[in-house]
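Lettered A, B, C, D, E and F in written order, each chain numbered from 1.
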Amino acid sequence: MSPEPFQLSHVAPDGRARMVDVGGKPVTHRTARAEAVVRLGARLLERLKTGGGERKGDPVETARIAGIMAAKRTAELIPLCHTLPLDVVDVQVSFSKTSLRVESFVQAHHVTGVEMEALTAASVAALTIYDMCKAADKGIVIERVRLLSKTGGKSGDWKRGKT
Amino acid sequence: MSPEPFQLSHVAPDGRARMVDVGGKPVTHRTARAEAVVRLGARLLERLKTGGGERKGDPVETARIAGIMAAKRTAELIPLCHTLPLDVVDVQVSFSKTSLRVESFVQAHHVTGVEMEALTAASVAALTIYDMCKAADKGIVIERVRLLSKTGGKSGDWKRGKT
Amino acid sequence: MSPEPFQLSHVAPDGRARMVDVGGKPVTHRTARAEAVVRLGARLLERLKTGGGERKGDPVETARIAGIMAAKRTAELIPLCHTLPLDVVDVQVSFSKTSLRVESFVQAHHVTGVEMEALTAASVAALTIYDMCKAADKGIVIERVRLLSKTGGKSGDWKRGKT
Amino acid sequence: MSPEPFQLSHVAPDGRARMVDVGGKPVTHRTARAEAVVRLGARLLERLKTGGGERKGDPVETARIAGIMAAKRTAELIPLCHTLPLDVVDVQVSFSKTSLRVESFVQAHHVTGVEMEALTAASVAALTIYDMCKAADKGIVIERVRLLSKTGGKSGDWKRGKT
Amino acid sequence: MSPEPFQLSHVAPDGRARMVDVGGKPVTHRTARAEAVVRLGARLLERLKTGGGERKGDPVETARIAGIMAAKRTAELIPLCHTLPLDVVDVQVSFSKTSLRVESFVQAHHVTGVEMEALTAASVAALTIYDMCKAADKGIVIERVRLLSKTGGKSGDWKRGKT
Amino acid sequence: MSPEPFQLSHVAPDGRARMVDVGGKPVTHRTARAEAVVRLGARLLERLKTGGGERKGDPVETARIAGIMAAKRTAELIPLCHTLPLDVVDVQVSFSKTSLRVESFVQAHHVTGVEMEALTAASVAALTIYDMCKAADKGIVIERVRLLSKTGGKSGDWKRGKT
């Protein structure tokens, strides 16, 4: 461990929270992928997969739309985040035996990255799934909200290693 | 397991997503507690705890404020959630050896519960911590976003068991 | 026709726009239904009805969600509208030979009516349909945005006559 | 008519709603004009035209402001719409014998068009007129919400033909 | 001066910012009046008073609408403020020889006061006047943003003394 | 003084409020500084300076965060303001014997200036201080909300003279 405390980008030397000044940064192509996992029992999973009616997948579609819309409003929620126009937001949902996995993808051409937009999309989509299932099971847990990869910007590309 | 698919409160018989009609419900005292855990390395934890300057705790304070403000806007983020006036939102942050834990508390007197508000507060506070630390470590994971307890309403009180 | 100009509720005697003071009004059960019609060619209608893939009805579901979410934010859009907690918002979509019809239903227990919420839900759902179809046909027209009925409040119940 | 269903830009091959990826598109000069018509009786029209007080035109001015402000928030309302900085929004109101016509104009230099912003401005301005007149006449109908023209972008210029 | 520091309602004993819990408070009739003064030169004042065209008072009307809309969104801006439904918001503008004065009035029946809503309405209306005049004079100053009176609630009525 | 009324940039020749068309303007580096002064008694000032607990400065930090977040939403509040991505927003608070001073700084690379963003940040931070102190003193006054300097754009640099 370092003997002296290192400086966080979002904290001024006197301890105040601050936005990072992105004024000098070049516009580059940015992408980010993130995920969130919702642990559900088998019965709820089955219910979400089939939709239980003629038109299938609707609860999942509601969660996808919520995630896309939340990504566009990330800078309203995260205090030190920059407002930026996004090229595209995509949210996909897949199922395993015991859980539903949300994966988000965000892309922009801008002076700052889109990691927070991807994480916000995945979080809000997962919360929306919880909302629709909470009458059946309040104990549902959202886990592994995390960045999967990012590209572009001064810090370059980053990809999560195997876990 | 039930042989026939059961019905989700937020899904109509034909599969469409829907809001629950709370028109017939009585106004009762509602509370909810939720948490989110942010796994950070020791160095980042130390940095967040000390603030590294004269005024301590500021990054944590930023996250708390973000969580409180997000709770008030839950119905804008979660499509089928009801807008309701909240009596109070509180967000607290505590530290263990390897992680930071956000705990939220929300209270209202209304016809519908405040679980989503508590979960949204905890999620957005945790995402704000990630935002301020991501330049130092993109691999930080948010875990265990979950309800701890709720009181009030027709479904009564609920408390998470030991895990 | 009246020889003297009558007074609009939202316009003060000196001509200024104003909110109606609802402070003295009793809380009553309020409902409103509204509709909007989107004129589409047969080919687009067919496309929206079938969804064209495994999961059906998704463009329509996106429009329904947009309408529900917009209803909750009506007072942010319409300057002199009151903020109020809604019991339920529902948006349904049906098809005829040449058009898609959005019908919205809003309910609240409050001192003011929910007509604007119902009209906003129908309008935004219709605009969302336009957004998803505009690459195929920019000439699509939204027609007949109108209230169908309302109940509750001092002015009592109202129902549109046959047209 | 095509024997196979064609693909909507906002619907993925598997039926999911999606944003169009505008990442590869060049920045061009974009404009859009839209309109909405509010059918009002002669008495209400007269009342709106004169303002009925010393300061004229105020209800109309409120509607214009509402339309301008709504255009700036289009991407919050329409789920698959892109956030973009607008160069200008203008909303004008004119009167005929039986109706009030809202015409909106939006301009931007961006990778995506501004049709939805123009249509949202016209719709919200028209809804605001309804709101101010509804105490006098709940039966007012908004008609002909439609694009008049657009310029710029890969799909080029488009102008509505005579109807 | 007190020898010991007294406690602010919005600050917890450990120094954290917090919302005041209004859960135990009774619903009462609340009002608040606030003002803001915009110092303008005589020429700008004349311009704002006459409107300079056929339809008079429009810049002032824009500011009034902005103030009313901002009051409804106070809880989104002020972190520890409660969301509450307002009965009415009114914003009036008057002129003296060297300045324009905005006066706001807000009323609600609720468990918490509306002082912040009145102050936010007055502030945003004054900022809107600045926005419309800044091309002519960047040096315009907004002064005396302050509460004039409030009624209702446990702390009772309050009225500003002569100054 | 001019014998004929001059034209405001935000008012059309016929008196309607309007956005300024920034479509033809070049992208330049823009900055703005603004301030707001909150007159507080000595006791409240002392309380805000020390924080009164282990973690110091938290009420001030809450106000700073509120100001930063408000700057990003300026175009939602001020009707004729343009939406634009900001490079950085900073809000600082300092103390004199009888008052607290908020100073904001905003920077962007865009076709339009950031004066309104700086003024909105300062105003909302000052209102947040009022909110946290109002239980102790409702008579607190916010004064001197004003631009300190701006750089960039066609109108060039501007700096407030000594007062």
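Note that in this section contacts are C-beta pairs under 8 Å (C-beta built on N, C-alpha and C of every residue); 3 or more make two chains touch, one makes a residue touch a chain.
Everything numeric in this text was worked out from a predicted model, so none of it was measured.
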Which chains are in contact with both subunit B and subunit E?
-> C, F
So which chain is the furthest away from subunit E, centre to centre on CA atoms?
-> A
Can we say the copies subunit D and subunit E touch using the same residue numbers, with more than half in common, or are the two sides different?
-> same
Which chain's C-alpha centroid is most distant from that of subunit D?
-> B
From the listed C-D, B-F or C-E, the one duplicating B-E with over half its contact pairs the same is C-E
Using the touch rule from the top, work out which pair, E-F or C-E, shares more C-beta pairs.
-> E-F
Measuring from the mean C-alpha position of subunit A to the mean C-alpha position of subunit E, what distance in angstrom results?
-> 37
Whole-Å gap between the CA centroids of subunit A and subunit F = 31
Touching at least 2 other chains, the residues of subunit C are 15-17, 20, 54-58, 61-62, 65-66, 69, 73, 76, 79-80, 83, 85
In contact, pair by pair, are chains A-B, A-C, A-D, A-F, B-C, B-E, B-F, C-D, C-E, D-E, D-F, E-F
Can you check the complex and tell me which residues of subunit D touch subunit C?
-> 1-2, 5-17, 20, 42-43, 46-47, 50-56, 58-59, 61-62, 65-66, 69-70, 73, 76-81, 115-116, 119-120, 123-124, 126-128, 130-136, 138-147, 150, 155, 158, 160
Spell out the part of subunit A that touches subunit D in their complex, as residue ranges.
-> 29, 57, 61, 64-65, 68-69, 72-73, 83, 85-90, 92, 107-109
Can you check the complex and tell me which residues of subunit D touch subunit A?
-> 15-23, 75-76, 79-80, 82-85, 110-111
Interfacial residue positions of subunit B with respect to subunit F in the complex = 54-58, 61-62, 65-66, 69
